[in-house]
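The same subunit A turns up in both complexes below, where it pairs with subunit B and then with subunit C.
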Partner chain A sequence: MDSIRKKVTELLESGAVKVVIGYGEGSDNNVKAIFVRKPQDASKLIYDERCVQNLAFYLMKHEVKHMGKRGVIAPLSVMRTVLQVASECQLKEDEVVVLGITSEKELVEFSNLKELETYISKSDLSLPAKEKEIMDKIEAMSPAERWQYWTNQLSKCIKCYACRAACPMCYCIRCQVECNQPQWITAEATPMGNVEWHLMRAMHLAGRCVNCGECARSCPMEIPINLLTYKTVSMVKGNFEVYAGASSTMESVLSSYKSDDKENFIR
Partner chain B sequence: MADFEPKIVAFVCNWCTYAGADLTGTSRIKYAPNVKIIRFPCTGRIDFMLLMKSFANGADGIIVSGCHPNDCHYTSGNFHARRRWMVFRDLAEFMGIDVNRVCFSWVSAAEGAKWAEIVNTFTDEVRKRGPYKEYIDLAKMEHKNVIL
Partner chain C sequence: MNIEKKLIKPASLEKLVILLKEEGKQIFAPVKKDNLVNFAEISTLQEMTEDYILTVQSAKSVAFPKVENLFDIKTTKESITLTDKNLNEIPEIVLLGARPCDAAGFDSLNAIFTWDYIDSIFVERLKKVTIIGMSCNKYDAKCFCTSMNGNPGDTKGSDILLTKTNDGNYLAEIITEKGKGIADKHSSLFESISDTIDKNKFIAEVPVKFDLKQILENINKSFESDLWVEQSLRCISCGSCAYVCPTCACFDIQDIYNGHEGHRKRSWDSCGFGLFTLHTSGHNPREVQSQRWRQRVMHKFAYMPDRQQVVGCVGCGRCSRACPVDMNLKEHLINLAEEVVK
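Presenting the complex of A and B:
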């Protein structure tokens, strides 16, 4: 923690960055995102096991962009998000300083995005054990059981779109659900409408999701929607051998193709 | 169930499968009348939401068909479509949607016989599976009371 505060103070004093986005104490033993602009406020930064929020999502907000060059405290999910949004041209290399945090809570500095890519290629990107258990349980169900499971879970959805708001990849100025000519997906929270919304969102995140889990954490109804996007991640990795957040120059999975993509269901 | 005739919707590309289906007709090859063909310029244009909306509106089966890889009229539309179908199929299966009710195929403009065979085989398969009741039932619900 001290090394983080020291580094941030240095960066702000030298003017190398105008703001650093990090974790700070919130109310009720919760952690919240803080925006440190003055060197003396660096002491408010903390880092412990409660710090899981994906801070990269603030990097592209225009209020933050106008502050100038920004730094961000980056555990693994944030590092991957930075690379993924850079590959989608939402962030330039010289706009951000990534202050990486290893799984042992040590600070690691990166002078450019290439070093970040190297670090990520050596990291463990597997799912946390708890999520893997539920995924395996669902995969073992019959199709009818899966339909029951998902329609039950998704019928809890109240269409608050917190999942969309929390996801760093959902930065579309006009989301497809806001279009009402034609209206693909109803705004009401009906059972079928909820299934359509979540399936659509998972499809739009295919190959782009970095498994940060923000969607599930932000859901007020505690629906495990991150499992839907995890499914697309494992599918994309298995079939196209790429994963989001691997590099700042990779092509988007659904906007590119290989002429020898293999499938076994086209007649 | 003995009188059940499935409703099949076919999303086809204009340049290959639609022309192929046309050839089936001009060759006077008989095939199942259950299919309603919808013409698209290219399979690359076919959104996965169209498939979901078809099921929600009463389709029991869906055929999606286009040009063979490397033969797309727009060069790469079917390659993009193929990737999209691979992802959609896996995701839909994970959610419990019956992906055996969706048939993907490449049918060229010369393959009139193949089109007939695909429609006939697939209509038989869907007839055996019965109407897609669970999907339509969910589409009609205004809310679902669930105790988890």
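Presenting the complex of A and C:
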């Protein structure tokens, strides 16, 4: 922790960054995102098991972006998000300093995104055990059971769009669900309206989701929606050997074409 | 009406649920599903859980459903026919196990839906809701009803309020004519109880966190405060807080068509969304999140008291529980008030 605070103090003192987005003590034993702009406030930074929010979201938030160059405390999901949004031209390399945190809670610094890519290539990107267990259960279901499982889960959705708001990859200025001329996706939170919304979102995140779990974590109804997008990512990986959040120069599978793309899924 | 005290045993409450259901009423009560407690329709008392401080979502959907069909539309080449919602089809609902803060929330909602325009659908729905509330015997760090003129055993808003006593029976306070109607009709289930019974022994003691009068006064002066920006830096503009809130009343209206038939529908919305105030011209009067967060708080604590003489918050703390980024309303209110004093 001391090394992180020291580094942040240095970065702010030298003017290398204008703000560092990190974790601080919140209310009632919660952790909250804090935006450190003065070197003396670096002491407010913390890092422990409770620090799970994907702070990369704030790198693109209007108010934070306008502060200037940003530093960000970056556990694995944040590092992957930085690479993914950089590959989608939402963040430039010189706009951000990634203060990586290893699984042993040690600070790891990167002088450029290439170094970050190298680090990611050696990291374990598999699904956490708890999620893998649910995923395996769902995979073992028959299509009818699976449909039942998801319609049950999604019927709880109240369409508060917290999943979309929390997702650093959901940065569209106008989401498709908000287009009403014509109305592609119904605005109502009915069981079928909810399925339409979540399937649309999952499709738009195919090959882009870094499985940070923010969508599920922010869902007030505790729907494990991250598994839907994770599924699309694993399918893209299986078919196109492209994995989200591993490279800052990767082309999006959904918006690029190669003459040797597999076509075996077309039946 | 004077509050009448009765005693109802669990077996009698069980019978009451069955009898009310037989009368054609829908009974909504807290039900545990996938580890979440929310209001759902029940047929027997066994389906209800008492293992909850508050449901995740408020009870507001019984009067303000997340989707409301306002009227039906039929078009032909020559004409358009609009058919109003048949208010007689609105069901009679008994809301069992609503907490006193839930019950109090309907007052704020009603104030909005009957302010300058009387929303007949909302009014009719609320008219058909009978609240059999349940006092709180526990609370958590997010609860602040006692700072909002409420308390865990408050009778305001309920038609009957149940308080579980230490022998497992319920003290039933008959508060309104609606409540009396049920108690009289099923008088055999409501036994007499000593008038001197002290309800306070069985309810939680929620600490008071602030002086509401002071907060309301100070919030009114805080419009230009920089704190709104600072507080909302971490807000991700999701709608969790608004969607679980018992008093948030923002909605969106859309026409949903299927060929020549369609419906005009009202769905929940949130003033925290950028799209909520976006004009067709592209101009947005609330361009950034700090303006939206200020709107949400000021609406509840400044504009509603001014316009409707009611505060738009009951201190249930749901917004702070649901918030994925620890936007703690209670804390923010205190900080804003303190800043104005400085």
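Here is the rule we use: the second predicted complex is superposed on the first by the 262 of 267 C-alpha atoms of A that agree within 3 Å, B and C clash if a C-alpha of one lies under 4 Å from a C-alpha of the other, contacts with A are read in each partner's own complex, and residues count from 1 in each chain.
By our rule, contacts are C-beta pairs under 8 Å (C-beta built on N, C-alpha and C of every residue); 3 or more make two chains touch, one makes a residue touch a chain.
Just so we're clear, the structure is a prediction, and the values are computed from it rather than from any experiment.
Touch criterion met: A:T190 reaches subunit B and subunit C at once. Residue contacts after overlaying the shared chain place A:V64 against subunit C, while subunit B stays out of touching range. In the superposition on chain A, A:K237 makes contact with neither subunit B nor subunit C.
Applying the stated contact rule after C-alpha superposition, one finds that A:K18 touches neither subunit B nor subunit C.
By the touch criterion defined above, A:Y161 reaches subunit C but does not reach subunit B.
By the touch criterion defined above, A:N30 lies against subunit C but remains apart from subunit B after alignment on the C-alpha atoms of chain A. In the superposition on chain A, contact is made by A:S218 with subunit C only, not with subunit B. By the touch criterion defined above, A:R267 lies against subunit B but remains apart from subunit C after alignment on the C-alpha atoms of chain A.
When both complexes are aligned on chain A by C-alpha atoms, subunit A residues 156, 189-190 touch subunit B in the first and subunit C in the second. Against subunit A, in their complex, subunit C makes its touches with residues 34-36, 56-57, 66-67, 141-142, 229, 233-234, 236-240, 242-244, 252, 254, 256, 265, 267-268, 270, 273, 275, 288-290, 320, 322, 324-326, 328, 331.
Interface of subunit B with subunit A (complex): residues 48-49, 52-53, 56, 69-70, 76, 79-80, 82-98, 103-106, 118, 134, 138-139, 141-144, 146, 148.
On the side of subunit A, the complex with subunit C involves touching residues 26-28, 30-35, 53, 57-58, 61-64, 156, 158-166, 178, 180, 183, 186-190, 214, 217-218, 220-222. Interface residues of subunit A facing subunit B in the complex, by the touch rule stated above, are 138-139, 141, 143-153, 155-156, 184-185, 189-192, 195-196, 199-200, 202-203, 206-207, 228, 231-232, 235-236, 239-240, 253-257, 259, 261, 263, 265-267.
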